[in-house]
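Labels for the chains are A, B, C, D, E and F, by order of writing; each one numbers its residues from 1.
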């Protein structure tokens, strides 16, 4: 210890002598430069200091909302949003935590989103504003579409498209399930027309994409078409993705007979490495030719998948699947959470988004199952309609649900691999649907 | 408005189906090409992993044997 | 090898024929476009070239300082700072390396900071300027407060607040130790008043926070209140944190009797998982209600801790504790080091910062110990005053020092877990103090 | 499942009642605000919709190029670049994938670069433009030199300079090999003078640096001196680095006799830890004194190496060598790939770049070998001229090639460690050469 | 100026103590609530640690095998 | 132009050689200084790795003992 102390004192001397000696001399000339600053602060009594401090507490801000007060982004807030609105939103953040921790609802995103929501509802703090740290994250990755695409890259690197390659025609089930998106679009427009909701076409499109059951796609589209609704759309998308085991089974059972649910499918063929390598390139070229608007989404997805399947850049693939996607998830979650500020979330639109999102999921599931029934009629090989429900994506939850429902009827009927085909096709399907919507608006 | 949304629905579902249908066609065709021009060799990727597994099993067995002996 | 060569030649042909043939034709029209550029460069003799080159060497720049020369940020530099100043700073960077490597002083930050300092003192290079890479890192993460908060997030994810939850009242020791901050503030103002130093109130506040013994908090506050002093404040904060085992023991011994140092404390109760989950939320809500200005710091800390304790997002927690904090540490260190440019560091203020920082640490330690003595008087359960010294934070070094001092008197007296309570409370305490300072200025 | 459903419904109620009830009321006043938006969209027949959609497909854009159409950066594109150009570039991207996967050509960079190239050639999509995600990556890390320097940092953290320290004079071989850069510069200027090529001095310098056989250095210089040529220069640099085992051996054999190739070198001495720690600092100080223009490159390299050798910040060193370099490689590759847009790559200059790059590699190799022969003449200890070829860098491939050629003559002649000396010196040598070029222009 | 700094000191230490004191109160109260409404069950966290131990033993066994091989 | 490029070549190669030659000189000199002022002790870096190995062996032994007991 003593040695250390001596070492430090010596070190300090080495630092201080030159600084003290030389620098002081060299600065003698401008010594009176900053003496003026001292006067700027004007004297306050301790009482007025305490009062001033009290006016900067959150308690004061929440219980004394003021007309015309502005949020971190410089927009005026209603007194409701300044007071009860914030309390409700803090409650909702806690609810999200509860669902994430106790119920296992997509915690990877709902925890950062919920926490971002908490931080977004702090009065007077500027966390989501222009120089606040979540505001900076928002600018760095949501405003310019970077974060959802990096997540999608990671999803591509984590996804094995083998089951789809083994039985390509199941991709049509993933197409049918996108009816959840477009059907809801019509419904949302109709209800807006009737005055029930108040959505523009762009809003309606951004909401409908919840039916695609893909978080990053929803965030990508919402940040482009309806940034004000981003928070509610993201929360709805991830919540319903987590609720797939609750939402889908009743619909699946209602639309199928026990015989249909017992249909066994042929074991899938082996897929060659070369096919897996070519797959992302094929999909991307198709996107280039048919739907360039989808190319950011499908480009990111296929890039991740190509890095995975190429087999020669294992370290990049692992980084995409782990550190990169984790870091981006943290940043994306917090940034999306910034849209849970009371003045953005506690608006009638949110109710509509939650309802329409649920409807979109249900329609998508139904459309997938019905398409399964149709394909089973016309196909040479038997197709179990349950796997159609997996077409909404929500990878891999929806495929597991299809498998589970199949095993309920017949415990020997393992549908998992068959359901993974439409499941991953659904990811591509909703990216295509997203591109269509972007190309329209 | 609703009429327009219906048109978008028809267009959208049409394109989604078109896209994925073309994908199905190309994938089937690609599968045939791969089978034709790169016929299945004795998969070499299976061997190393098997070998690895065998190595592990051998190593663990040896360790257990060693422990028993040292009892 | 031959096959490879043939493959390459074929590949090259495939590339070159279309490029050569088609592109040349398509560009024939604008061929004379860039022929003009050639004349721009005017012929120089080899002698004048060598001379010109010599004038661009660092040797020339250091030995021929010029009046009115500007640094990378466009500010005028004195000739002293251009010449000897740089040499001294390079020496100081080497000193930091020596302390980090040979003495084990907080190497994770002092090595990047020192290297950033080296790079910041290179004449003519623009590394810390507007398009230089450290300048870009500074803009990306210090100017907007992002990096220190991401570090704090990682600290939250690495900290177990269990010892504090087991014995909450020890948090008051962490409160008392913040007297180091406010006491030093008064002292700095008084000395400035007397003409010894020349600090504004903002400067004094940014310097005093060194007494909080938290690197990220110091950097956060300094970047807001006194960005010009950032380099010296960061170096002082991390150096003194590393020197805790040298600075604290004499003060602790001077203020306690051997009997007090021998006091054994009750074994701590077990802490429930649920309490640990609720803790970050409790602290954050309290911050929202009382001190919104602290919410960026406490928000980041509690977010990291909540991710850790929620138990459902292990992968995010690990990323925060490892890759993310490592990457940010590298960037933050280099960016902070850019403030070790001679013209920023070799100023009389630095001397004041080093002295006041030391004083702040000492006062904080003393205040913690004295509070420990007071609490021991009035508490039912015995409290060893030594653990009060851990209230300055400098996690976990100060807690270890308290433990070591306890064991010096009585080798069976293990205080470590008891000292961890005030130790982690001190982190919260200085974040609160930081919020108070921000709310005042 | 039932419990979960009930939980969800309850949760939904908690959310919806306050939102529905309170928010609706609080918003009643501005309900008619957005009703206007609905009219904006004008009705279209389904036929015109399909036609409109067709005009947004990639097929249409490629087969109907239009005069005056602009690319993502707002520059006019020729009809050739809009149509066949894109098809050719997609072919070239596939060629890069083939080389990377089947031939093992530097896949870590050629796969991201190739994929970036694919994405850059998608018509109508804005991926490489101002708000496109690759455009954002470009702005974030190429325009400001950050990414190549972070890569270089990682390279420093991965490089063991021990073999160079064991036999410092082999560094001169690494100096000689830089003749590839400057010789090619003269050639490029001469050929431009003769009208064969059409390069400015800056262009010629950026191209010549390919002979330095260092990807990050090439990208760094190209992004500063000739950003339009960046794509072709990066592709050439990495391709030729991968082709070192094809390009170098014939030159090495042509310039050496079998006796020379059989020369055995003395076993290298052991290198002390302290020497390794001091090495990066020594090199950096030398750079500061002689060539400040090289300090970003050498600063990054030596920082990485210092972090590695200091031995006290293992976690930072590992992060630099793994996650950080991987993430940056992905981003850098995609961003560089954006310069493979047809209108940037399919220009006559590319042909010149490919040819001159090859020439630069060949000259560098020859110069290294010849210097080896000269040093062998004048040195007391025998020097095998083959290790001179490793001076071009292309770490560690060129050193392996030298070793292999030595073992062809005499299987007991292991040159690998001896070749690593000039190999790593070549990295420093080309960073110095880069600094010279930057200081000239 | 000094007077003002003294005021800030009083205010600052006051708020720091207020904050942490309130935290102490709430944490104590929270502890009681947790004990009351979520009484200590047989800690389930102990079981996985046993499993972890078994895992460690397995890992060690494998390590022994590996060491033997590399000898 | 070509003449100028030639001048740059001379200048450039000169500086590259100067830089690396100075580096060689300094490294040689540094090597001597290190040998003189920090003479080679019994390399301490070897010991910890040995110690690590011993630790591992100890850990493994303990684990085996533990397993035996729990059998």
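Note that contacts are C-beta pairs under 8 Å (C-beta built on N, C-alpha and C of every residue); 3 or more make two chains touch, one makes a residue touch a chain.
All figures in this text were calculated on a predicted structure; none of them were measured in a lab.
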Contact-graph distance - origin chain C, target chain E: 1
Chain pair with the higher count of C-beta pairs in contact (A-E, A-B): A-B
Centre distance in Å when chain A and chain D are each reduced to the mean of their C-alpha atoms: 32
Computed distance of Cα centres, chain C from chain B, in Å: 47
Distance between chain centroids, defined by C-alpha means - chain D, chain F (Å): 27
Multi-chain contact residues (two or more partners), chain E: 1, 4, 8, 11, 15, 64
Where chain D touches two or more other chains at once, by residue number: 38, 41, 53, 192-193, 201, 287, 290-291, 323, 436
Residues of chain F that touch chain D when the two form their complex: 1-2, 4-6, 8-9, 11-13, 15-24, 26-28, 30-31, 34, 38, 40, 45
Chain A residues within the chain D interface of the complex: 78, 80-81, 84, 88, 91-92, 95, 98-99, 103, 144-146, 149-150, 192-193, 198, 200-201, 243, 245-246, 249, 277, 281, 284-285, 287-293, 295-296, 299-300, 303, 306-307, 310-313, 315-316, 318-320, 323-324, 346-348, 350-351, 354, 436, 439
Contact footprint of chain E on chain A as seen in their complex: 38, 41, 43-46, 49-50, 53
Interface residues, chain A side, partner chain B - complex: 164-165, 168-169, 171-172, 174-176, 178-179, 181-183, 185-186, 188-190, 192-193, 201, 204, 272-275, 278-279, 282-283, 286-287, 290-291, 425, 428-429, 432-433, 436-437, 440
Complex contacts: residues of chain B adjacent to chain D: 1, 3-4, 7-8, 10-11, 15
